[in-house]
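In the two assemblies presented below, chain A is common to both, partnered first by chain B and then by chain C.
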Partner chain A sequence: MTGNHIPDALANRLATATPPKLAARVRGLSDKAIAWLFITPTMILLLAINIFPLIWTIRLSFTDFRANRTNAVVKGIGLDNYTSILTDPDIWAAMQSTAHFVFWTITMQTLIGFTLAYLLDRKFRGHGFWTTIILIPMMLSPAVVGNFWRFLYQPQIGLFNYIISFFTGVDPSSFEMIGSVTLAPWSIIIVDTWMWTPYVMLICLAGLRSIPDYIYEAAEVDRASTWRQFWSITIPMALPFIMLAVLFRGIENFKMFDMVNLLTSGGPGSTTEVASITLKREAFEKWRTGFSSAFAIILFVTVFGLANIYVKALNQVKSR
Partner chain B sequence: MRKLVASAIALAASAFVAVAPTASSAKTITLCWAAWDPANALVELSKDFTAKSGVDMKFEFVPWPNFADRMLNELNSKGKLCDLLIGDSQWIGGAAENGHYVKLNDFFGKEGIKMDDFMPATVLGYSEWPKGTPNYWALPAMGDALGWTYRKDWFAKPELRAEFKKQYNRELEVPKTLDELTDIAKFFQGRDVDGKKVYGAAIFTERGSEGITMGVSNFLYPNGFKYDDPKKPYAMEGFVNSAGAVKGLEAYKALYKCCTPPGYTDAYMGEGLDAFKSGQVALQMNWFAFFPGLYKDEKVGGDKIGFFVNPKGPAGSGSQLGGQGLSVVSYSPNQAEALAYIKWFANPEIQKKWWSLGGYSAHKAVLNDPGFAKTAPFAADFLVAMGQVVDFWAEPSYAQLLLAEQKRIHDYVVADKGTAKEALDGIIKDWTKVFKDDGKL
Partner chain C sequence: MAEVILSGLHKAFGQTKAIQDVSLTIGDGEFIVLLGPTGAGKTTLLRLVAGLEQPDAGTVAIGGWDATTTPPSDRDVAFVFQQYSLYPHLTVYENLAFPLRSPIRAMKEADIDAKVREIAALVRIDDKLNNQATRLSGGQMQRVAIARALVRSPSIYLMDEPLSSLDAKLRGDLRVELKRIQTVLGATILYVTHDQIEAMTLATRIGVMDRGQLVQVGTPREIYTDPVNMYVASRLGMPAINFLPLSVFPGLSAPSAAKTIGLRTEHLKIARSDSASAMGKVTWVEHLGDQDYLHIDVQNHDVVTLSDPDSGLKTGDMVRLTPALPLYFDGAGNRVRA
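Here is the complex of A and B:
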């Protein structure tokens, strides 16, 4: 096993190019030491910006600390924050809104994304052009998307209402997408689906393109119908990719904030108040830092736990 | 060539000599406020301070929707961005107790600045903490209250007047009561005026920050709502959810349901101004601070616009207090210059100029001037409004209290969740928890 060693010729060249003193010093170091030398800055950075804040957040979650009252004495309150969160009906309502949003966005994005990928995989004339067009929404900033969809949903001047009116004949100003309790959650789901379906499509397309042609050729020799090929070859072989797309979108949508904030601010009432909006309000508007730290930990554990279970399932599918 | 080089060096040297002393001696202080019309007037006014003191002024104006987040973050992180801050009235408790503002009592005493020279409601609202005690943390800078604008030109149309009289058996005039206001809004809702479909009223329904609370208060106060028992602080049962308060909340919802433009579910001052300026609504609820700008508006200003104070309700008068006080940030390294600015700003002559430029002075020298009421078409109404203002809690936990009310009211008014009584009971429940956590109950 010489994989860790630099070939002699290269080592000699490096040694000649390195100033004599430094070369001598580097030559004196073991491979392990050099590896540590390179890894240490990254480790320090990771510890400083990821691990330390996480540990600090866990510590704060057991206190009544408020970032806007730095002069006040911070008291340890044990599991009180966790108990309050888990027994708070508003928090459960926010979790329910999040689950609704995550479920429907993933379902719609997967269905539409896979269908688009399947169509684009047919390689028709101009498919490259259409792929680029479909990808555009994903390239936009969520802030821009949120703002212009707010205008599109405007009942008096919004294009969305006019399009619905054109097809259904209802008065465009007779319904409000972001102002109605029933329609507001769907208005966000539509925007997220519009923006992120191309992303799912891209991953699915990669999956479809990775299926070797000879498998289909063999299936045709066996006189398998297109339908049969789809269910027995396409879906099973593309499934790991689809599952990967679902994982990415699931994690992303579980912590969705910007678009919901711009479109509805959690309203009307609290209809679209997803967990991240509640967390932001608790942390940076009510300044309940200890409470919001506990909530952040609960959300982190939830996402982390679900993602781990999911990754295990994904690995099982891949190993089949 | 040598001559040319020599002249260039001489020129550079003279420029350096000219600039150097200024750069080293002139101090700059930063004033932070919301980005709105009066802020532009303050920039203009402050030129006089720079001319007199030699201290340069820098301004940091943040749009209203982000103002509280941005500035409270700044204060909580003990930032040095702002030397002076014109902060919202509700921040005073937190800013005083957490040491964000410099206490001004000694400074006022030394400089002869008397709080008696300012309108009492503004001193109570913008300067004092604890309320009702002579502990001052700000100089009343911008008096403000909620008022209404209406389309005077539409009210003057004979055909509309006749139809209104036929329908309501009274003249189409400025409403004297909240019920009359709702009638007028109903009358205009969906009506065709000058060939365009118009709507009744633009009111506050915003969910994210403070909008719907600032709006609904103008229906709650005149109907008997009180924050707590005047004899027993923080005792809210029967005051927040009194029968009158329930009626007030129901009336606000009725106005929202019957008479606002479509899609008006998350609207605050900006949306109100847009609706009024675009000729969509007959009535608009908004802060007096915007009235000078509206009066100057080419399309809807001048003779076309009228102003009135929040009308009475069954329990009397009441308007939501707006406005802010001018404070020195305790983390500022330029406190001497910031205090000099406050001293300059408190001068009655400067206060008169402040009013003339479009700012709302709270100084009695301006407001008690016999000619004041005639200085602008809304000046007299402003005086009346400032005499009947009520403010939201200014406790250190004001944000929690505010967000609780925002949620409960928006849930009831816009999202049709529960009854008015349940919403107000819910507010008491939330507020009680906050006060218990704060050790006040």
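Here is the complex of A and C:
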């Protein structure tokens, strides 16, 4: 033990030396003070752009305030805004088209997204390349996507009508995706599906990759057919991921605005007027600020409530 | 249950030859243990029998028919994986019922229920049937994994180190239980382990594997007393067999080809001796309670052997060693019989 002998003086110093707190070295600030110093800017920012507007909106929703008449006397009108919203058939129509839009985009994106993920999960040559190709739509700006799909949908020069006519034989100029009352909602659903299916696919792919190979091996030895493996292993084990994708897309599409505004602006008539378009019209065309604040609060509570119920279900599935 | 015959199996992964020319007949009702260190090819051999891997050459015959290219689901084998491989989203009950619910079987739900409860009781997890499979202790999960194999009556049970991730006490308990179950069911089992105690206690025959080859197959007693080479000899025995150059014992009448002498505890007579006839010195004594490990320095070779705690031998004692019917090996490490 003579080889690594520590001198007594050094040993003493090592034994008594306690590292000084970080704070003591930074101009006498306590650790707690430093923590606050770092957090405060973020908290101020959060209060200013999130919490304060929310509280202000709640306040405005009980008044007849109009943002284009700042000099008018603002009257508190209690729950009038809320009752007129909930009894307004136009609002209910908007909610209905939102629900229609959310339902079909989620259904199509989940089905197509999961199928693509399932196919890409096989380890074939070049699956990395195809994954990247499929992801491209999702990386584009919605403004770009909206504008070029407007061109694609053009009945005279658009590719979309020609492709449909190529496969079905229908005259390409005989129908108009954006202009028709029945087809306009579907034109938006198609674009949203085209753009966001890759996103759902990516989450589903992560879910499928998380299932270890040996589970499939065990199932195979247990004489489970591919079909049975799919339904009793793949689907249940990937379900939390699928549900997560549905949650993200559901919240996003509930407040969908950009694509609708670019493609149809709510038309023709009000057939594609989803809730966010109605909200924009009430707030910035009709300038009914109080009324639209109340509507915004209703939308917020609806999304928040639905998402909460959904997250509970998701946790239940996950904890299994 | 059925006889499984492996003949001339070869399997390579890239440059690595995992299995080289392995032939083995597993008789109906036999419990064969494949023993060998990590990387010896034990698991690969098991997976070849299961059909989870395809051999490059050779055949696998199960119950008299050639199953070499048959997919796992049609082979009627049961596999217990090292990492449990339970279905995490199912309860214990559903895990056990899973193989029985295979449409190939078309088993009635009442029969499934009866079978699941019978086997759960056999492996003593009947109180955990409604638990989530992943919310169990390691030992319980392993019982479920074994039970999931046992609910079926396959041609052969394949078990890949099913006890290796358990603590010593549990491993001991489950080992006894597994042997009991095998005796009760009369099951044919091919079992992989690197644990010599498991091999000795469970096997009707042991197959010792080394770098993809099946070096020797025999009863535990044969493998222990009559190993074909130094590698096999060193697989069994606690403490491990001691190998010494034959020159250490000049007076011995050994076979002419012998170069190395292999000495287990029972091959050695040790007596305290005066310095003139002594050949070794006790350098260390490990007290294990019921017995001692004796480390003896013999011409700079460390010999480890068991001794009676009452022998009175202690560190520094000079001893004389007399080999009694030892094992002889030639220069290549192969056994030379006297």
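The rule we apply is simple: the second predicted complex is superposed on the first by the 283 of 320 C-alpha atoms of A that agree within 3 Å, B and C clash if a C-alpha of one lies under 4 Å from a C-alpha of the other, contacts with A are read in each partner's own complex, and residues count from 1 in each chain.
The definition used in the following text is that a contact is a pair of C-beta atoms (placed from the backbone, for glycine too) under 8 Å apart; a residue touches a chain by one contact, two chains touch by 3 or more.
If you're wondering where the values come from, they're calculated on a predicted model, not measured in any experiment.
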- [ ] Consider chain A as the common anchor and indicate whether chain B and chain C clash or fit when overlaid.
- [x] fit
Task: Touched partner set for A:69, first chain B, second chain C, both or neither - done: first
Open item on the list: Under the stated touch criterion, which partner chain does A:36 make contact with: chain B (first), chain C (second), both, or neither?
Closed with: neither
Open item on the list: With both structures fitted on chain A, tell me whether chain B or chain C touches more of chain A's residues.
Closed with: B
TODO: Based on the superposed arrangement, let me know which partner A:156 touches: chain B (first), chain C (second), both, or neither?
DONE: first
- [ ] Would you sort A:233 into first (chain B), second (chain C), both or neither based on which partner it touches?
- [x] second
- [ ] Quick one: classify A:214 as touching chain B (first), chain C (second), both or neither.
- [x] second
- [ ] Considering only the touch criterion stated at the top, classify A:266 as touching first (chain B), second (chain C), both, or neither.
- [x] first
TODO: Name the contact category of A:223: first (chain B only), second (chain C only), both, or neither.
DONE: second
Task: Partner chain in contact with A:288 - chain B first, chain C second, else both or neither - done: first
Task: Shortest span in Å between Cα atoms of chain B and of chain C, once chain A is used as the common reference - done: 51
TODO: Would you mind listing the overlap between the chain B footprint and the chain C footprint on chain A?
DONE: none
TODO: State the interface residues of chain A toward chain B in the complex, per the touch definition above.
DONE: 64, 67-71, 90, 153-156, 158, 173-174, 176, 178-179, 181, 261, 264-271, 281, 284-288
Open item on the list: Using the touch definition from the top, list the residues of chain C that touch chain A in their complex.
Closed with: 50, 52, 71-74, 76-79, 81, 83, 85-89, 98-99, 102-105, 132, 148, 152
Task: Touching residues on chain A, where the partner in the complex is chain C - done: 214-215, 217-225, 228, 232-233, 236-237, 320
Open item on the list: If we count contacts the way the header does, which residues on chain B are in touch with chain A in the complex?
Closed with: 68-69, 72-73, 75-76, 78, 94, 97-99, 206-208, 261-266, 396, 399-400, 403, 407, 410-412, 414-417, 437
